[in-house]
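In the part that follows, the structures are each spelled out as structure tokens.
In what comes next, chain A is part of two complexes: it sits with chain B in the first one and with chain C in the second one.
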Partner chain A sequence: MRHTLARTAALCIVLACAMSIGHPGVQAQQRQDSGQWTTYSGDYNAQRHSSLTQITPANVGRLAVQWIFQSGVSGRFEATPLVVDGIMYLTGPDNYAWALDARTGRQIWRYRRQLPEGLNICCGRVNRGFAINGDRLYMTTLDAHLVALDARTGNVLFDVEIDDHKKSYTATVAPLIVKDKVIVGIAGAEYGIRGFIDAFDANTGKKAWRFWTVPEPGQPGGNTWSGDSWQRGGGSTWVTGAYDPSLNLVYWGTGNPAPDSFGDARLGDNLYTDAVVALDADTGTLRWHYQFTPHDVHDWDAVQVPILADITMNGAPRKVLMTANRNGFFYTLDRANGELLRARPFVRTTWAQEIGRDGKPILLEANRIGPEGTVTCPDVGGGTNWMSPSFNPATGLFYVTTREVCAKFYAFPQQFQPGHLYWGGAVEAIPGEPGYGALRAIDPVSGLVRWEFKYPRPSMGGTLSTASGLVFAGEEDGNVMAFDAASGKNLWRLQTGAGLRSGPMTFMHNGKQYIVVASGGAVIALALQDGR
Partner chain B sequence: MRHTLARTAALCIVLACAMSIGHPGVQAQQRQDSGQWTTYSGDYNAQRHSSLTQITPANVGRLAVQWIFQSGVSGRFEATPLVVDGIMYLTGPDNYAWALDARTGRQIWRYRRQLPEGLNICCGRVNRGFAINGDRLYMTTLDAHLVALDARTGNVLFDVEIDDHKKSYTATVAPLIVKDKVIVGIAGAEYGIRGFIDAFDANTGKKAWRFWTVPEPGQPGGNTWSGDSWQRGGGSTWVTGAYDPSLNLVYWGTGNPAPDSFGDARLGDNLYTDAVVALDADTGTLRWHYQFTPHDVHDWDAVQVPILADITMNGAPRKVLMTANRNGFFYTLDRANGELLRARPFVRTTWAQEIGRDGKPILLEANRIGPEGTVTCPDVGGGTNWMSPSFNPATGLFYVTTREVCAKFYAFPQQFQPGHLYWGGAVEAIPGEPGYGALRAIDPVSGLVRWEFKYPRPSMGGTLSTASGLVFAGEEDGNVMAFDAASGKNLWRLQTGAGLRSGPMTFMHNGKQYIVVASGGAVIALALQDGR
Partner chain C sequence: MRKLTWWTMAIVIGLAAGVPFAQQPEPTNPVQGNAQAIDQGQQLFRLSCASCHGLNAKGLRGPDLTTGQFVRGGSDSQLFRTVMQGIPGTDMPGAQFSDATPDQVWALIAYLRTLSGPASEEEARGNAQNGETLFWGKATCGQCHMVRGRGGRLGPDLSRIGVTRSRTALIKEIRTPSGSFTDGFWPVTVVSRDGRRIRGVRKNEDPFSLQIMDTNERIQSFDHSDLREVVREKSSLMPDYGADRLTDAELDDVIRYLRSL
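== the complex of A and B ==
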């Protein structure tokens, strides 16, 4: 999977110079142990685990800011930057995007998509990042297009509609390159879209396949929706999935059914919402699915990045998929067939007693909501959310930012109106109970939390693991921190000035390992202080 | 001038906690050698020279980011933060303001002024900072008010109109506290205001005095304006002045006449525009003035911070005022009487051959502009601008960010219309000649440039001098840098992600010296890496 990369980047002295940059050999599946970071989650396994070892528990105290990039654009970064051959590619709010010199933070080019007025966007004008393939960058847009840019210039190579933004489709996901295809998800469940996962030809932008996350009547799963509710059933797919080349399966999380809370409008399990689906990468055909939250009424999207690993359970090697779900449970599945191997709560959960042997949650009274309101844990933000977890094969631990907070949920009937939010309910915070956050290290074999580091507030920052035994993570009060991967000891921290909403990444350039965090309106590059 | 300060700040663990903070003994005139930074330019001399010596030329390479504060507000910082007893007070774009824990960057409180619609603001919705007096903070507002805040809470104590924003008055200046008065300037010359400097009672907000920078007919200087042009004569005062307690004189720079370029609309020298005025601090009475650019047609405001120092010239001690002017000349004046002691160009100047013995520029042909356009150096941005210079008494050098750039100036008649820009001309960049910037160290005795450090682009960042022999400065490509004060050798740099538009400051807290720079939308605090 590793390629020798042609270094064509010329030295760029002045800001606006025309750089000749190109990465003819780059493939998204390239592992980041080459020192690159070529796909949203670092590699196809989505482990966000880097083989780089220059920064260690012993020297991480010398980690210091090397440069800061300020977008100058209103809004927050939720993206993970890519770095190839010393060039950083980054998307920001409102579909701005940049190429930066990864050593200095200097801008090489900037792209901005002209967006139409009146877009229906429930949850922030954000974007989660580029995919790269050779000299091409791919991003999704708030008006639900897929755009390919020339990595050397930022010029648009093609621009295709994923679906109609006038039907409240929008896109924030970082695409995933698999072979000759660009795989993307969609957003808009809060406006009653019908969700899907799409694949496009990476060269031409031609649609290759579509998998509807909400089947129509008569198809498998079609009988899990009452009436015509499937037409506006939600099931968004707004965070990037993973891929197993040996099985040729793409794994992708799906979001909540619509309306979010008034479940009576859509009786049934509402497949394939709040699930992970395993799709044939060439055809989009469903091979298996596992639904975490049947008939969800709490807006508990299951879009969390699924992590693939080969681990030993009960003495036998297992190819697993691991995910910490917004519903508060951590799951280990067999990724060949979707079989449930382990499920345990990783935060306080009051809606289900446990996950039964049949893979279905054993519900508790607190799962029922109506117009009078019910207090349930976790809250609508969930036990975790879009923030990327990571996995270290050496420690065998899964690192995830968690949220310990409950809320009062209401459900009531709501007529669907195109272009209007379609909640069918409401959520209230509980006065005097703001909750808290924690970085937790979970053993996927037992499902038990091995260690935790508490944060003052429920947090939304991703994590990064390195082979030197470090975990990097960020919290809501703006601190990015480094931890000992085995013990959870906090070894270093920096106040970045904004609550972390994206995952840290790392790369190596000219013999120097960098840690990069996008925080608020800034990208901050860290490395060991050389102590001149 | 030094006070023992009551330390009343309680340890603040969580973000929103109510801190009890107060600084009953703080006076603006307090020198920053106490480790505080209590007024815009550091002290009344406006030297921006700190006695702190923990950071030295030998160890500055270990300078590292301690924390970052991101305003989250659109727009750029042009403010210098104040720090008293470990609390930082900062103003930002759109009249947002913050109190931060100076050790961690954590927000203690935030203030935002509700601004009316339709303000006439020529040059950015910026603010240059607070003044502090005891437990009171003072800021000017974009709608031309003076607001006093409780330093402990950010609550408004009083709010008085400086002048009517509907007449295009606006304010961005950091106030100056002198005894029981708050002295402020005004902006709006590009809209044809009549400028002034105002003093208010610091306790009540009652107007104490006003000095009009444009006199009316019959008053001294009134005969330097043709017709009724004085009524809209400009002369803004948008950068903070200095104060000499022994002479009880406030020194303040004044801006360009209006209209900016069509001088025929205002025949005469146009006193007291483009001048420094020395005012009795108690009464606002003019003691002397020195006009740098009589009958300016290039928009060369003389609002640059004047620096006061006692230096030796021709073997005799002199109490001087030094300023590097937007018109490209550096001036050393006797600050008791305004006598010109030295004037020399510090950038390329083509509009005047030299400053004559009578203190008036000897004009060159390139000073004449009309509808056909004339190339003149410096450009409209000037040889320098609002960015603060600094002065080190030990090296005897004046450190200033300079701009080497020319432009083509046009003048043409324009009818004055209230609420409309009143340029009476235009300025064009010269294609292919973008110019460059430089940090320059000027000897105020000879007026000669002792050393320079070139920047790729004309720059607008202020400077800071320290007694350890360092100069900190920032440039347009986003780098904040440290230099050896004697030699100009660049010793350290950090890319902050936005062109520097404010002056660095320094303070000491719990035995640690910090350097702070406000850059773009962020405040960045630096200190020596402790190398854990």
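== the complex of A and C ==
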């Protein structure tokens, strides 16, 4: 078997060399059809919809564990592994990373980063995965660097700073390869960073462009920030975006303004926080933006993965971008210009009555928070969060893990101090009301929920759709599950023993389709026992 | 500020290696009374602790932290360990949950110290001996609760409750237990396909199965697919102890008893 593996690897080098001559990013995207998983969301359109059909609603009941990889590292997995030519590339907590034999789960190499002391990390020492381009892997790090590794050895090819971790910049996002560039986002809004999206030259690691998600005075949008609040305005970009090659636009979600809750420190709409921005892939120039939550005081980052699809609305074909937002509304936008086509709540929302014709929310009293506290739905975790949704073009449904929880929000004045949490508020759980979760299938044309499958607890697991008509999802009490994509009927499940936080993925190797999930410190590969 | 002092390192290494804590020199808080650290501690508390301990640390799901008394030990090093490691087997998570660094934990402790004045000890009321008699007798608490290995199983063990809950929280739990429920004790009624109803407290649940202890203290496991319904009760299996069942003076006695354990 070693022999086969070595040969596959050798083949991979030849292919990779051939590919790096053309537009490697586009090549990477095309590989998805050959049963590989080459980018965070599976494809540029971020549908997390695989063309693989070996596992079907009829046979999914026979899905069985093929191997389990125990990482031995504490902390949780939030990464989606990549699989290229039989090798799985995976990142974990504390910037550990591995290459595994995708057939057996056996380790090929392990990368471990020496992280500096005193990093300011608000919400988990996690990482969301690699990007791959030819025989190079790219990973962002908790100390806000971009590292390129050699895919066959894990050796470091280059290591460049994205920004200064001493200014509380940190990075957890899986990069996105577009043509000859590596596009990355940043985190740290809870510490009052000023957010951005960066592009680096994939070969040299040289900075190609930067888009500031918080504009300075004099720039468009600069007047949506009072005083000098823009300097620490937040707007993190910690989840991977999508790309439309025909429009040459990169779509990326942006996070909450800082301070999270004390909005009086930053009067105005606070562009481009809690928005999706459409950037020219070559220059980083802003083409359009849509802000979901103007002047947010609930920490409702809009870093959900935006899904691109071509669908029919009112009898006309539309190129759309769809997203279920942390603020509890589902949105369908025209992705050429950002025009709002549909917005409807997909969970209980008490902060806005609806999204008006002008694209702005019509606010309710429960949106206002102060030192006395206000109960608002959804809670700080949101109607959904960073977990990946998926979309099946055949059913026309958008599959997303949702959370039905409310919370009591407070706001307090707070002086900014570098290196200190810049929250300006607090959140209390509501005694006796822990809430619940559900997998929901949303029709992006009407914005209505077509079916749901309830979970006893609010969950944070991603979803995967396959062309055979299946949806895979994970929940907080440890189940990985398969559902009929049209009806929502549960067809298969496995109790893995730890909450599932990252998105399931699938690949084909040696004629066998695998489903892969991370659970606790382990990665689990599933397939039909006899391969059929 | 951010640099680790040698003994902070020693604690961390000691903890990691399972070295008995007492062998280390007893560290004290390097930022005790430091205004900046207290401010940072307050921010951290609001972000990572308020959801359980309440915004003013007066207690919600977690205990009141303003009484000046800590069951797990009130010295700097003991508090450091509690917050850094959490309390295994309880809801209290370790610093891994909040991603707090040792410096931040010291800042949190500096903040906690400002909440409890030295003389904040609540006035002693009630009589522990009367309370004990009531608990095991007329008030029937012992039918559902264990104290030091004696008593019923339907409700939580109360051997330590007097020190992990504030007086206010205890009064609320006893007078009106139905507002919120302890994890592992949510009241449910399971309705089988043939209409049989089984009452109990929920031990665990996922989308497919449910584990309960029924009112006869039997542990039962069900598949949701075999059940007609799972009714999530609004009222606790514990009765409301209004003034008619337990006078204010008797309540003081019971609380004094629980506090004395």
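Going forward, the second predicted complex is superposed on the first by the 502 of 532 C-alpha atoms of A that agree within 3 Å, B and C clash if a C-alpha of one lies under 4 Å from a C-alpha of the other, contacts with A are read in each partner's own complex, and residues count from 1 in each chain.
Everything that follows uses one rule, which is that a residue touches a chain if its C-beta (ideal position, glycine included) is under 8 Å from a C-beta of that chain, and two chains touch if they have at least 3 such contacts.
For clarity, every value in this text was computed on a predicted model and none was experimentally measured.
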Partner chain(s) touched by A:T104 [first = chain B, second = chain C, both, neither]: first
Which of chain B and chain C A:G227 touches, first, second, both or neither: neither
First, second, both or neither for A:E428, with chain B first and chain C second: second
Chain B versus chain C as contact partner of A:P456, first or second or both or neither: both
Which superposed partner A:Q70 touches (first chain B, second chain C, both, neither): first
Partner chain(s) touched by A:M481 [first = chain B, second = chain C, both, neither]: second
Partner chain in contact with A:Q495 - chain B first, chain C second, else both or neither: both
Chain B versus chain C as contact partner of A:G118, first or second or both or neither: second
Touched partner set for A:Q417, first chain B, second chain C, both or neither: second
Common interface residues of chain A - those touching chain B in one complex and chain C in the other: 74, 456, 477-478, 495
Contacting residues of chain A [partner chain C, same complex]: 74-75, 117-119, 121-125, 190, 373, 407, 410, 412, 414-415, 417, 419-423, 425-429, 431-433, 453-456, 475, 477-479, 481, 490, 493, 495
Chain B - residues contacting chain A, complex: 13-15, 61-62, 64-70, 72, 74, 104-106, 456-457, 477-478, 492, 494-498, 519-524, 529-532
List of chain C residues in touch with chain A within their complex: 1-4, 36, 39-40, 43-44, 46-47, 50-52, 54-55, 60-61, 96, 99, 101, 103, 179-181, 205-208
